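Everything below concerns the one structure shown next.
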Amino acid sequence: MPALIFDIHWQAIVILLPLAGAIACFLWPQRGVQLGLISALGIVACVAALGWQVLELGAQRYAVGGWGAPLGIDLYADGLSLLMLIVTAVVGLGISVYSSGYFNQDRARHFWPLWMFLWAALNALFLSADIFNLYVSLELMGLAAVALVALTKGADALTGAMRYLLVSLLGSLFFLLGVALLYHSFGSVDIALLAERMEPSPAVWAAMGLMSAGLLLKTALFPLHFWLPPAHASAPAPVSALMSALVVKASFYILLRLWLEIFPLTNAALAQFLGLLGAAAVLWGGLQALRQTRLKLLIAYSTVAQIGYLFLAFPLASIIGWKGALYILLSHAAAKAAMFMAAGNILHFGGHDRIADLDRVVQRLPLSITAFALAGVSIMGLPPSGGFIGKWLLLEAAIRSAQWWWGIILILGGLLSAAWVFKVIGYAFTPAEVPHEARVVPATMEWAALAMALVAILLGLFTSWPLALMDIGLPFAGEGDG
Amino acid sequence: METVTLLQWAFDVVLGFSLLWIAWLALTSLDLFRAIVLFIAFGLLMALAWVRLDAPDVALAEAAIGAGLTGALLLAALARLESNNATKPTPEKDHQPEAHD
Amino acid sequence: MQQSQPLKKTINPKPMTEGVKKQLLFRLLLVALLSLLATGLGYAVLSLPSSAPGLSELVAENLETSGVSNPVTAVLLNFRAYDTLLELGVLLLALLGVWSFGAVPERRESFPGPVLDTLSRLLVPLLILVAGYLLWVGAHAPGGAFQAGSVLGAAGVLLLLAGWRPGARFVGLPLRITLVAGLGVFVIVSAVLILVGGRLLEYPPSFAATLILLIEAAATLSIGITLAALFIGGRPEAGPNN
Amino acid sequence: MSHVFLYALVGVGLFTLGLYALIVHPHLLRKILAINVMGSGVFLMLVALGRRTPGTLPDPVPHAMAITGIVVAISATALALALMLRVQVETGRAELPEEPLE
């Protein structure tokens, strides 16, 4: 039986299934919710099967069309890509359940096909071993994300979406120009082949610079984050969750492949520079979050800060540091999805998300506020939570490499997060002067938020499994000390 | 090996400069309609460049998609921009082509 | 990043105000930076070796088993067909996005003149013929699904310009089916190939030519209709569903 | 064979020109044009450098990539134009509220 399961081409199916789901949702829009949920369950099952396959057999390379690189395109599943696929599947399932209650009939018909396309793009991106194919996946992801953000009507959402579209296209073009330079330097666009043939040259430096710049813009690393808060805050709640939890991580994932596999980053000054930008993002994002008066904008700025942590691993340059950054990535995905969902519930309930006007929501939406608080625990980095484990690992890496100052950033970032989390919770207990109209929030939406928050907490309790996954064919194997 | 004659060189240089020139004109033109027409011309010149680079498949795609359909989309969008402006009284600033500084 | 300073917005027509000066300075800085970028890129390009085979030899070696003899079509629909599959997704996605913004903007008042009317009567059949030719010829000469599809799209645009609108009966499910045909056939072919024990998009050599033509035909139709639909610029209205 | 590099450099020039216009012009239609010009520059470089083959035939792989890129570009353009019109209907202007300085 296992042998039979291992023979199936799960890598291909994980990409084809959401595409088929997108087509089905487009053809029969009135059944969008059912078709979408069925596809979501199917994708989760297939990702699980792929995970089992990779755990048993090790990292898998899959030659599409049977040609193999450099002529054809290869898919590649190792621990890192599997981790990304799994987090996408878990958060994706949560978002699908949440969305089944969130959208009305008219918007649901647009949401489901777009979301399935986005899911297909994410899976394709995490499995791709080919940088041109990564460009196409990036565009697929970007256009889907923009259309999803624009599902909210109104000036804010539309201008946010428009700016996001321009930024996204610009980033892709930078990336593509880099791809062109690498192809013409080495005659291949396959990541493994490029890594094998890599020799530093002006063209390679230009290519890496262009691709990194494009991807940093898409990842919204400070100071290139200007587009993120408006786009993430004005989107519909499940879309905000998607964007912050998954979409910005996708370009970070490519960045990792670039700097760890294709062209190992050995230049210490450059690594320090990325670390500094990360530190600035942590502080700036935290401060801005604290200043916001609207809940969704606050959460969006916290994403800017959380992205910063991921870049602290560059100067630390050790396996343990990378694991810490990835752990933050995972737990942030779950926690941030939970937060945006909870914010969506509050918005749905009271018709606004002004923090000062939260008006004792804690009594009326206890599940959502619990979800928000639990997610907050992870974002602050308190035990027991995934965020705590991630920061702990980063701290350990900082001390081991005798760069203790990065530890200060970790602590300051945690304090800033704590400040805004407690501010929100505080207002949730305070009655507002004017009582508001209140609408019933569907139970699925409340429970989905809580489930995501629990995932973020559980990541802090069950650490061995995600950490072991990172060891499969990991790109950090040759990096630094142990 | 193909021998590059002087005539071909002259052609390449002229084409290369015209590409840059037309792109510049299209991007700085005060009038949006003119900018779009120049952009379509730019697409046609690109098609020529593709031919010169022995890429007939790309030339066909560029002529049909890059110049033709993109041009049609742009013109349609401009027409709608202007009819929106005409039907809805919005700040005057919008109506004139924005001053190039 | 300068979100906190709103003074950028005030564009005063008065000459040489503080804002204008600032803008001038910004542009000078920008020009300097971009010149640096262009110089660097130019240097990088010129540092590449003046002769490199790329993948041309590998493509030539495998051309025979690809099912077509035009190398570009072979790359697009066989060697790197997976890119093309995703790309059809991108095209469809653009349409989904445009449709999600709302219904067709209200009809334009201008009626087509007699010139446009006659032109479209003459040109549309011709363009459809050209599209068919490009599709067929793409297997061994320049052409193929994208070129054919865009010519078909141009025919559609011409029809739309001449005032033709799709009938209400066509606007529901039938239209959506033609729009997804390209991607759909691609996905179905992939799924069937996997089911019969092959890899994703691994055509058996004896079927390669047929499968490629099948995919290309569906793709041409979808590309053409999608491009024309993008030109309309909104979701055609004919009852909400079907 | 050095006309290859001439066109590649023109590609670099178009890329930078487009980038300049993208940053400087507030009108969205111009920004969209600028993105398209940048894209053409990238494709030109991609294809031109693929003509460095020793034989008489060029490398077909960049050609296929450029065709893919052209289709992606028109898709993105169509979406951007539709979004621009929505922005105009909603805000009265086909411009973004404040220019983010990069």
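All chains are identified by letter, namely A, B, C and D, in their written order; residue positions are counted from 1 within each chain.
Please note the rule applied: contacts are C-beta pairs under 8 Å (C-beta built on N, C-alpha and C of every residue); 3 or more make two chains touch, one makes a residue touch a chain.
No experiment lies behind these values; they were computed from the predicted model shown.
Asker: More C-beta pairs touching across which pair, B-C or A-C?
Answerer: Between the chain pairs B-C and A-C, A-C carries more contacts.
Asker: So, what's the distance in Å between the C-alpha centres of chain C and chain B?
Answerer: Computed from C-alpha means, the inter-chain centre distance equals 17 Å.
Asker: Could you please state the distance in Å, as a whole number, between where the Cα atoms of chain A are centred and where those of chain B are centred?
Answerer: Centres of chain A and chain B (C-alpha means) sit 37 Å apart.
Asker: What is the distance in Å between the mean C-alpha positions of chain A and chain D?
Answerer: Here chain A and chain D have centroids separated by 27 Å.
Asker: Which chain B residues sit where two or more other chains touch them?
Answerer: Those would be 57, 61, 65, 69, 73, 77, 80.
Asker: Please list all residues of chain D that touch 2 or more other chains.
Answerer: As it turns out, chain D has residues touching two or more other chains at 1-2, 4, 9, 13, 15, 19-20, 45, 49-50, 52, 54, 57-58, 61-63, 65, 67-68, 70-72, 74-76, 78-79, 81-86, 97, 100, 102.
Asker: What residues in chain A touch two or more of the other chains?
Answerer: If we look for residues of chain A contacting two or more partner chains, we find 132, 136, 139, 143, 146-147, 150, 177, 183-184, 224, 226.
Asker: Would you mind giving me the full set of chain pairs in touch?
Answerer: A-C, A-D, B-C, B-D, C-D
Asker: Could you list, by residue number, the parts of chain B that touch chain D in their complex?
Answerer: 1-2, 4, 8-9, 12-13, 16, 19-20, 23-24, 26-28, 32, 35-36, 39, 42-43, 46, 49-50, 52-55, 57-58, 61-62, 65-66, 69-70, 73-74, 77-78, 80-81, 84-85, 88, 90-91, 93-94, 98
Asker: Quick check on the complex: what are the chain C residues that touch chain A?
Answerer: 1-3, 40-41, 43-45, 47-48, 52-55, 58-59, 62, 78-83, 86-87, 89-90, 92-94, 96-97, 99-101, 173, 176-177, 179-180, 183-184, 187, 190-191, 194, 198-203, 241
Asker: Under the definition above, what is the set of chain C residues touching chain D in their complex?
Answerer: 1-3, 6, 8-9, 26-27, 30-31, 34-35, 37-38, 41-42, 45-46, 48-56, 59-60, 71-72, 74-76, 79-80, 83-84, 87, 90-91, 93-95, 97-98, 101-102, 105, 146, 223, 227, 230, 233-234
Asker: For a test of understanding, state which residues of chain D touch chain C in their complex under the given definition.
Answerer: Residue positions touching the partner: 1-2, 4-5, 8-9, 12-13, 15-16, 19-20, 23-24, 45, 49-50, 52-55, 57-65, 67-68, 70-72, 74-76, 78-79, 81-83, 85-86, 97-102.
Asker: Quick check: in the complex, which residue numbers of chain A touch chain C?
Answerer: 9, 11-13, 16, 19-20, 22-23, 26-27, 29-30, 62-67, 70-73, 75, 109-110, 113-114, 117, 120-121, 124, 132-133, 136-137, 139-140, 143-144, 146-147, 150-151, 177, 181, 183-185, 187-188, 201-203, 205-207, 223-226
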